[in-house]
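Letters A, B, C, D and E mark the chains as written, and numbering starts fresh at 1 in each.
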Amino acid sequence: MSLWEYANPQKFMQLSRRALPWVTVAATLCLIGGLTWGFFGTPDDYKQGSTVKIIYLHVPAAMMAINAWVMMLVASLVWLIRRHHVSALAAKAAAPVGLTFTLIALATGALWGQPMWGTWWAWDPRLTSFLILTLFYLGYIALWQAVDDPDTAADLTGVLCIVGSVFALLSRYAVNFWNQGLHQGASLSLDKKENVADVFWFPLLVCIAGFVLLFLTLVLLRTRTEIRARRLSALLARERMG
Amino acid sequence: MIALLLRDMRLAMRAGGGFGLGLAFFLLVAVLVPLGVGPESATLAKIAPGILWVGALLACLLSLDRIFALDFEDGSLDLLVTAPIPLEGVVAVKALAHWTVTGLPLTLVAPVLGVLLNLPEAGYFWLVVSLGLGTPALSVIGAFGAALTVGLKRGGLLLSLLVLPLYVPTLIFGAEVVKRGADGMATATPLALLAGITAGAAALLPFASAAAIRINLR
Amino acid sequence: MELSVANLAVARGGVTVLEGVSFALPPGRALVLRGANGIGKTTLLRTVAGLQPAVAGKISVGGEAIAYAAHADGLKATLTVTENLAFWGAVYGTAAVEDALTRMNLSDLRDRQAANLSAGQKRRLGLARLLVTGRPIWVLDEPTVSLDAASVALFADVVRGHLAAGGAALIATHIDLGLAEAEELELGPFRARPASENGGAFDAAFGGDFA
Amino acid sequence: MIALLLRDMRLAMRAGGGFGLGLAFFLLVAVLVPLGVGPESATLAKIAPGILWVGALLACLLSLDRIFALDFEDGSLDLLVTAPIPLEGVVAVKALAHWTVTGLPLTLVAPVLGVLLNLPEAGYFWLVVSLGLGTPALSVIGAFGAALTVGLKRGGLLLSLLVLPLYVPTLIFGAEVVKRGADGMATATPLALLAGITAGAAALLPFASAAAIRINLR
Amino acid sequence: MELSVANLAVARGGVTVLEGVSFALPPGRALVLRGANGIGKTTLLRTVAGLQPAVAGKISVGGEAIAYAAHADGLKATLTVTENLAFWGAVYGTAAVEDALTRMNLSDLRDRQAANLSAGQKRRLGLARLLVTGRPIWVLDEPTVSLDAASVALFADVVRGHLAAGGAALIATHIDLGLAEAEELELGPFRARPASENGGAFDAAFGGDFA
């Protein structure tokens, strides 16, 4: 049996029904655990004071905002190339979740920027490309909404997703190309010596895991809903045809 | 392809659609902003680069939906898709025609409007250079947005929404060039970025646009 | 080049409207599609012309051999008759503009803007475009709408000329063109059964028993 | 007449034509201007009233040609002219519909955009009041311009040209109200003038517009 | 109310195309206008409907009694069939929407957006609008374009019903409607002589001998 079988809605529904409770529980545990540990179990930073704790929301949210787009890109490509409906619907389902993460990252980033940089916002390359990504999320969702025929909508949003990926990647790697930005570089990469201190690092890992699992939960849930909605409209159309 | 370019330009001239409208709009912005903001020359000089670039961008945006919508409505687009020229070429030529009737005239009249907005003298050269380098990107990106939304309900609104994020970098770097130029600072970096955006967009987006049109015509 | 269509199914708005359509159209022949309003003639022709994908079945020639003409005939109101035609001539790389004007009886109107033509004159101009494409297979959706009897006869002559030169024509129409050499195909029998019976792509994906 | 109002509003919602587009455009202006001009809050605060009013004006202008053009193209206008309702009423209702789907939402979202442009606090109230009082004039005047140019080639360009001079007083007084309000000065005079323009335009222009449509339909 | 037209001359684009047209159309009767493409049928009908001024001559009834229907039938693509019709019902203050849907065989399509209709279905919807106007004199420009035979017959029935109820109809068409009660008027003889010969308004104003 091949992986593609899960692209069959029926198979997907069965699998996701079984997986969903586990993922949900794991997400809840990681999030509660990680955030509590981060907020209450770590010392204040000597320089930043307690504002450093925004890191437990900001970094995972920003990461997942980008990862969600990458996931949508993969799902869109699968749809465009192999035309598996579940894949298209999963991309559709992920967009609002990704948008929410994006907004969280923007809000927490702005809150953090005020004490750190003395401003809510700056036209730093990472920040700019991230803002553009936010707008892309909006456009992507709006495009899904605007097209009547679901397959056409999936095709068009697929094309848009590919184009938007430029900005998803830029907001992750822009800091590497331009060093004049304000924003933190890749301080978390696993092989770096200049990692943040371990006390912050481990709870952050748990939070990131929590956000990944939360994303998975929400996407599974929303994909199931999308599949049902699609089935419903198809059945209604069938009824009308008599 | 040249026939298509000529036709699109001729249509724009005759119907006043792209050509006049974009230009008129640009003028409008330059005339209305001092009226609205007040005639204080220091303030105007400060905002001139930004306002001129925003005006140019809006003027382009305004005429975008005509790139494909008219041809879609009267069936020309169906015929062009089945014609013996590659659709990518059609898209590129239509973006070029759009630029010739909006971006190019905008670039040429911009210095005049700079006067209205009291742009510092050192800025004129950079205004023309940055518009000349940046407006092609606006047309190519706009053609992509127009291709995604051709024939859709709510097309106009969606078009702005889809195109806006792609326009932001061009706007930022374009206005930056003029600002730095007006202040006598080095302009090489934003200028290079502007050129990069234009080149990248012109090289890649026509393919995405052609795919979008094929999908939308179904 | 023979246009042949095998077991074709076509859909509009996500609903399959015709299925199992098969026919062959050798050079020199014309096929007239008949069927009530809404049966799916336009949808079928657009599919054959390559403007939309088929739901199932095969079409033997690609869009490159086909000249398609529908209600919306791609005329620009602000261009003159000659300019309109010359544009398409340039796109298709043919220089048959003068000839097309004469054959569709448009020479007197050559410098008139398309906006100032009557309904029938516009239609004649739309049909003249076919002549400048130089393509062998004409796919025509109700070509004679708004034409008077004389113009219908003129057009039938043009089609006859095209067939005699080795072309072929697939025509959907509700009226009689007076084309003796045309066969007719009634589309009624190919009306798609409701989706619940015909299975297909939908059922494979979303029609199963799940909740 | 109510049916016409409802239909026009419904069409605007479904097609996103007027409704979304004007609003999106207004938003765009408010987002792009800081991008272009730079985020310096003192400068922004100074130009905010003017920019917001110019933005509102452009947003209205943008959707004007749809007031009659779509109905002209699909023949509805012919039918409305021969329908048993006075054409003056049709014009007035269409201007009202235009206002409901552009002017009104613009007025309502303006405070939010004021934040983006760093409008001084005292200005918000006056921004809403001046837009609420002034935008109806923009719609009525715009309907007149649209009536004059319906069915004309080069319509879009002409429309802007014809309407612009008529818009200038509204813009000046409107922006003046906000500026004075933001600075804590008396706003009664420009406000009264604004109200006067709106009342005068609404009372007289529909007659001129109806006459223009009758002539253009020939 | 009898529509009568006396010595009418009509112009398009500043050129007089028909002149000396006279006819009378009493209630209960239909008149079919015939003439080659471009003779001026559309121009004549628009003049009668009050959409453009006559160059000369008299028309006995004002536009208030007339329901006009042309190619562009004022449908909004994003509204449903019922919404489109209900709007015109509201404008004309009649409540005949349901009846019109039934009579034009549109009941099954009532909730479909007009954009998703076939050409013939759209045309039926355009014609259904006539029924909700409640006006006595129908002025129709090629009403049966794109209709199949069954729909043409259906429409002829509707016209017959309208005539029987005391209405009248003035129809320009190139095809045979099968309306036995209709008289025909060939427009050929009324073609306007070139401007240099016919004098009239132009000559009175600018045609004299001055330089």
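In the analysis below, a residue touches a chain if its C-beta (ideal position, glycine included) is under 8 Å from a C-beta of that chain, and two chains touch if they have at least 3 such contacts.
In this text the structure is predicted, and so the values were computed from the model without any measurement.
Undergrad: Would you mind checking the shortest number of contact hops between subunit D and subunit E?
TA: The distance in steps between these two chains is 1.
Undergrad: What's the chain with its C-alpha centre farthest out from subunit D?
TA: C
Undergrad: Sort out for me whether A-C or B-C is joined by the greater number of C-beta contact pairs.
TA: B-C
Undergrad: So, comparing C-alpha centroids, which chain is the farthest one from subunit B?
TA: The chain lying farthest from subunit B is E.
Undergrad: Provide the C-alpha centroid distance between subunit B and subunit D, rounded to the nearest whole angstrom.
TA: 24
Undergrad: If you average the CA atoms of subunit A and of subunit C, how many Å lie between those two points?
TA: That gives a centre separation of 47 Å.
Undergrad: How many angstrom between the C-alpha centroids of subunit B and subunit A?
TA: About 32 Å, centre to centre.
Undergrad: Report the inter-centroid distance (CA atoms only) between subunit A and subunit D in whole Å.
TA: Spacing between the chain centres: roughly 39 Å.
Undergrad: I need the residues of subunit D touching at least two other chains; which ones are they?
TA: Residue numbers touching two or more other chains: 14-16, 35, 153.
Undergrad: Send over the residues of subunit A in touch with two or more other chains.
TA: Touching at least two other chains: 123, 146, 148-149.
Undergrad: Multi-chain contacts in subunit E: which residues touch at least two other chains?
TA: As it turns out, subunit E has residues touching two or more other chains at 71, 78.
Undergrad: Within their complex, state which residues of subunit D touch subunit E.
TA: Residue positions touching the partner: 2-4, 7, 10-11, 14-15, 71, 73-76, 78-85, 217-218.
Undergrad: Could you please specify the touching residues of subunit B with respect to subunit D in the complex?
TA: Residues 14-17, 19-21, 24-25, 28-29, 31-33, 35-38, 43, 46-47, 49-51, 53-54, 57-58, 61-62, 153-158, 160-161, 164, 168, 171-172, 175, 179 of subunit B touch subunit D in their complex.
Undergrad: Can you list the residues on subunit A that touch subunit C in the complex?
TA: Touch residues, subunit A against subunit C: 8-10, 13-14, 85, 148-151, 227-228, 230-231, 234, 237-238, 241-242.
Undergrad: Considering the complex alone, what residue numbers of subunit B touch subunit A?
TA: Going through subunit B, the ones touching subunit A are 144, 148-149, 152-155, 157-158, 161-162, 164-166, 168-169, 172, 205, 208, 211-212, 215-216, 218.
Undergrad: In their shared complex, at which residues does subunit E touch subunit C?
TA: Touching subunit C from subunit E are residues 12-13, 35-38, 42, 71, 116-121, 123-124, 142, 145-151, 174-175.
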